[in-house]
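Below: one structure in structure tokens.
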Amino acid sequence: MAHLLEVRDLVTRFYTEDGTVHAVNGISYTLDEGESLGIVGESGSGKTVGVLSLMGLIPDPPGRVERGEVFFAGNDLLKLSADQLRDIRGREIAMIFQDPMTSLNPVLTVGYQIAEIMRPHLNLSQEEIAERTVELMELVGIPNAASRRKDFPHQFSGGQRQRIMIAMSLACNPSVLIADEPTTALDVTIQAQIIDLVKRLSQQFGMATIWITHDLGVVAGLVNRVIVMYSGFIVESATVLDLYKNTSHPYTLGLLQSLPSLHTTIAADRLIPIEGAPPDLLQEPVHCPFAPRCQFAVEQCWQENPPLQRVASNHDSACWRWQDVRAATE
Amino acid sequence: MSRTRPQAAKGGSAASVGAEVAGPADDWLVVSRSPVRRAAARFFRDPLAVTGLAIMALIILITLIAPQLYSWDEIINVSNATKLLPPSAAHPFGTDNLGRDQLGRVLWGGRESLRAGYLVVLIGLGGGTILGLISGFAGGWVDNLIQRFVDVLLAIPGILLALSVVGALGPGLVQVMLAVGLANIPDYTRLIRGSVLEAKENEYVRAARVLGASNGRIMFRHILPNVIGPILVYATLGLGIAIMITAGLSYLGLGAQPPSPEWGAMLNLGREFMRHAWWMPVFPGLAIVIAVLSINLVGDGLQDAINPKLRK
Amino acid sequence: MDCFPLHILHGIGKFTCNTTIRRNTMTKRFLLAFAALFVLVLAAACAPVAPAAMEEATGADSMMGGTLRIALPADVTSLDLHKTSRGDDALVVGQWFNATLITQNSDGEYIPYLAESWEFSDDGLTWTFHLRDDVKFHNGDPVTAHDFVWTYERALDPDLASPGTGRRLSGMTFEAPDDYTVVFNFPAPAISLLQFLNWGYMAPMSQRAVEELGAEYELNPVGTGPYKVVEVRPGEGVSMERWDEYNWGPEFFEGANTGPYNFDRIEFSILPEEATRIAALEAGDIDYVNGISNPLDVAILEAAGVTVQQAPYGQVRMVYLQNHVPPFDDVRVRQALNYAVNREEITQIVTDGADQVSRGPISPGMLGYDPEIEEQCGYHFDLDRAKELMQEAGYTYGDDGMLITPDGEPFSLTLIGEPVDSGTAYMEVLQSMWRELGLDITLESTEPSILYPRLTERDYQMGYGRRGGWTSYDYLYAIYHSSTGRDLPGSMRSAVDDPTTDALLEKNRAMASDNPELQGSINELYCHIAGQSYSVWISDGVFRPSIGPRVQGTVAGPAFAGRPVYFSNAYIAPEDR
Amino acid sequence: MLVYTLRRLLLIIPTLLGVSLVIFAILALSPGDPLAAVVSEEYGNTAEDIERIREQLHLNDPLHVQYFNFLWDALRGDLGTSFRGGSSVLNDILARLPSTIQLAIAGLIATMLLGISAGVLAALFRGGLPDKLTMVFAFVGVSIPSVYAALLLLLIFAVELRWFKVVGDEGLKSLILPALAMALIPAGVLARLTRASMLEVMEEDYVRTARSKGIRESLVTLMHIFRNALIPIVTYLGLLAGSLLSGQVFVENVFGRPGLGRFLVDSISARDYPQIRGGILFVAAGYVFVNLIVDLLYGVIDPRITYE
């Protein structure tokens, strides 16, 4: 069966005054119907740019999708006209953004902003749109939705705003939902509620989801498969369990070690941060981008950037020394 | 082993992609120096801004050497024989209605126009900065009082201020510019107050306060360096506007006194002859356009350098 | 345009006449022939337009109609005669909607208007005017001698504080022995003041209208002239309508229409910017402008079919000196300044020679001007003589050719003035010329509100001024008589206190215009004042009334009579309305 | 909001008091005698004449008495009578008000049409031809004194092309040229301001959100970018509207329009104290009022702004 979404060799760069930023360097992955995929990486790893690229949301200038194919329902999204792509955005692929504080337009009512997504995509009358807006708001758990429809974003708490974002993204019943760190800006207590909400609703509506996060812990219970990104490359890709158990990339290892876990009993002093600064994206990647921070780095890592290679069934890693890494975790 | 290890990423230069800018450190020197240096680097990489700066420097240089090229007698001596001559090799900018060489006058005029422009900006900037800082920082009744004062100043037409200053001090460009500078204070006050209110909420100001820094120290060491950027930009624009104002005031007989070849006065004189001798208004007008343009280019360059978000 | 520069009786001076006949070549040719004949026969008067001939050519009925559009340079301050005295307002209040006791014809002679005749008592202190009995105000009330007396007494009312009219009548009393006789009683002989009765502000006002309307009177003024005011739009303009009962028009020239005027309406628009007034004339949106200052604009206007009359207008351009303070308490210094001015050069540079050179206190556009006495007693450019005079006065020359005062200081003075009507250019040229004498002049050419206080407080040494409306030798009294005071406000005083000058001024004031000794007496005064060099006289500004091509049948008047153009026979051809 | 409005309206009082005090101070400190421009110098005035007029115009009263008389009269809607013509200052002002407001509104509209559209285009096609053209327009516009702009417009469109009358009422049409002349400089500034504001908003997250919804780009520009870019634009237009009430003397002169700008300059030139005081007080009130409207507009534009 064809994949719902297939990304092949996607390259996105930003041309800035300081030089060319190599944000995404040839990533490929797939997403099946109803599947949920996690993309994990630290700031600047290209995880967000990667999904924005396929949505056609990279601001040009300075950004440009240089290369690659993104098949969705048989079409290459990158080859569609602006109008065709617009028709897919919001209707087929919807997105929830990181910061609900800044992602809602402060001068428009939330009702308008939810209704807005339905107008071009659904053939509904004004009344029906208004009705559905209220339904959606109720669905995501906004009390007094009918009256609060006319309120502005600043009249809602952060969590509520994210719920509104979710309501918005669900409005057209998309087949793919991309959630870009939807909880990082929220209080810890709210985080769980929101994650739960998205999870519940995506299952209810049968949507495939892509979770973008820098927090491996978050995706653990959420997704089937995880992609780890570093410096615009996919460095490891595996099922969640496999990734935890058979970690095959030193960066993933670092992420796991810096993670306080509720399930394990690692003491705080045993959390190990990843040393060194994040990579300089302005440099043309010639060697392994993680090499400067890598405790496993050897001469080869400085000579050649390791390709993503299959290390086990459904498990890929881009490390010359993946076996050593895997051995080290055991 | 000679490998090129990547340097630590240059500050927040990749900020536009989403990397977070490092929070400012506590010592303002550290805070300000590096952004200033980076802004300067950005400024000098902008060809338009550098061109503007070069033209400005050239204008200043030319006006400085003008007295070597033309004597004051040549500037003021009238002659019927050379009246209203179109541009020629002898008089590249033509001659005016009293037979004076316009090139010489334009060169000399730059001295007065630029000096007047700087004076206006200095007064407006100085007064406005102090009032704005106090107003924004102190808040409460002090703020209220200053804001009402600014309202009053804004509500009184600048021309009345200009007339009263000239009435008291006698006519002359400097006197009028003093008044125009005064009239500019409200603009700067408002601008600076707004920035101060914003800056006051910043973490590092709170931090400084927690650490027990005095008000004066916070105001001048922590807030001022952070609000000065937009003000400098506004000031460069104000310089251009000030030169334009001299033309308007000459229309009313205020400002530079004859036979001073101040650009605004020349432009105003040219108005009477615009249908008979195009070169009379056009050359001083061009001088103003070029000066204003260069100042604006510098201003834009500064704006872009300080706030790279708006870059082209 | 037919212009006949003529020399008129008792030294009044030369002025140009013209007729503005366009498009109708038949009429023009006829008129040229007629005018030539007339000049041959009379040889002493300006060719009058032959209105009778024009009426024959176009038909009397068809001359009526249309709107005359006039541009004014400044807001009308007030249409209440006693609340303003500005020259710009005079055109509105005087020529169009008011009538005066007497007026002046194109020869400058005093002729009846509302008064049929008048006489002076032997001592010159009592003037008696006999009024017409058929004159009506615009509100229909008859005009009687009582209206005049009431009007003038109102002007003298201290509570009204009339700025112009009241002051001119100061010290006078008025009587109305019967309904049609008005008597003026003067405290001192001042027959030369007769001219001021031709001034629009001396018109009668309707007591009933003033009292009934109160503060509203200004917006609904009532007069006795050929047009009545129908709307006043402050800052924008005034609209007038023809007063059909008007039939007391004076005989400004032979064949002048004395009945209602031809234009249905007059629209005054206020256009402060001269360039706009010129553009409006050029585009045909305005029919008449009272003056054009830049001589270069004449060509533009003539190309657009506009007729530009050019005549000297008693617009004295002069530099006032503070005669009672150093360095001007020394007559040699004052004379040196006069000798050092090259008047031919200055008028050439500033006005292309259009302004008339004026070598002494009475200028060519003024009543009482005599070219021979000007030649004899006036100043001719003589830089060497000027330098000698300075040295006689104790000044020396430094190495740089600049003057040093007897105290050993560099000699520098400040000249202040208003930057209107080429004023700045005149001042700049003067500065340059006096630099040749070795005098370092600082200029202050500034706004009236700055200038006037400095003038009144005597916070200056030399003041450049241009006065319009001083159309008679009598102005000398106002600036050189000791009673005008050193310490009073008022801008252009010369602070002269000299018994000889006073006596000469008083003597002239007491002489009637038909006194055969008048010109001789004026000349004596001229030479005395010129010799004293109380001021630096430069030129007489040319006044350029400009008439658009739609208007036909205008006749040029002597500018000093307050009417540069007579409109009594003017009309707009039906096809142009 | 009602409370806020009322409070702001109350704040007008101290502001106007301040203005009146400053005017009085300025007039009192200016050297010279206001009578200079009032009495004519052509014929002799005696010292008694002068003294009488001075008394008549209350110029001999102590300054504080003059000030309180002025305040008291102003409170009763009486701004005094002109030194020169004796006309009611309030009537003088009201007579010029309609024309002033018409011109101010026309000038504002022209400024907005030119400035905002140029600024929006420049921001949308940043770095492209419209951007460059806008910059050129802004620079040239800012560098042409409005007197010249007005005269050139008049000569080209009224004298040469005859599309308009130089003078004469043509209804709304006669507002076009003066409005354009007035708009030239502020439109240049506004274009740059709009551009900068738009570019700043374009970077906002909610614009990306809007795009992710798949709505038309025109809708994104209008509802999401432009609406949010409005605040600095409105601030500038508010300042401009205030200055348009009194600062258009050049345009008023050239087009012969009876405006408050010319009225004020004329009365200042003539030192007509009642006209100066009344005129400036009126203009100041207008300015404060416009400011209030702008502040209330902020609330409409940006719901986050609340009026406590």
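A, B, C and D label the chains in the order they appear, each numbered from 1.
Rule of thumb we're sticking to: a residue touches a chain if its C-beta (ideal position, glycine included) is under 8 Å from a C-beta of that chain, and two chains touch if they have at least 3 such contacts.
As the structure is a prediction and not an experimental result, all values here were calculated from the model.
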item	value
Chain pair, B-D or C-D, that carries the greater number of C-beta contacts	C-D
Chain occupying the middle, per Cα centroid	D
For subunit B paired with subunit D, centre-to-centre distance based on mean C-alpha positions, whole Å	23
Distance from the mean Cα position of subunit B to that of subunit A, given in whole angstrom	47
Gap in Å, rounded to a whole number, between the CA centres of subunit D and subunit C	38
Centre-of-Cα separation between subunit C and subunit A, whole angstrom	89
Where subunit C touches two or more other chains at once, by residue number	275, 447, 449, 453
Junction residues of subunit D, two or more chains touched	30-32, 127, 151, 155, 268
Of all residues in subunit B, the ones touching two or more other chains	163, 167, 252, 271, 274-275
Residue ranges of subunit D in contact with subunit C within the complex	30-33, 35-47, 49-50, 52-53, 56-57, 82, 84-88, 91-92, 95-96, 99, 151, 154-155, 158-159, 162, 165-168, 252-259, 262-263, 266, 268-271
Subunit A to subunit D touching residues, read off their complex	52, 55, 57, 59, 61, 82, 86-91, 94-95, 97-99, 102-108, 116-117, 119-121, 152, 154, 165, 168
Interface residues, subunit C side, partner subunit B - complex	274-275, 294, 296-297, 300, 345, 348-350, 418-419, 424-425, 427-429, 431-432, 435, 442-447, 449-450, 453
Subunit B-facing residues of subunit D, complex	11, 14-15, 18-19, 22-23, 26-27, 29-32, 126-127, 131, 139-140, 142-148, 151, 155, 185, 196, 199-200, 203, 242, 246-247, 249-250, 264-265, 268, 276, 280, 283-284, 287-288, 291
Subunit B residues within the subunit C interface of the complex	76-80, 83, 97-99, 163, 166-167, 170-171, 252-254, 257-259, 269, 271-276
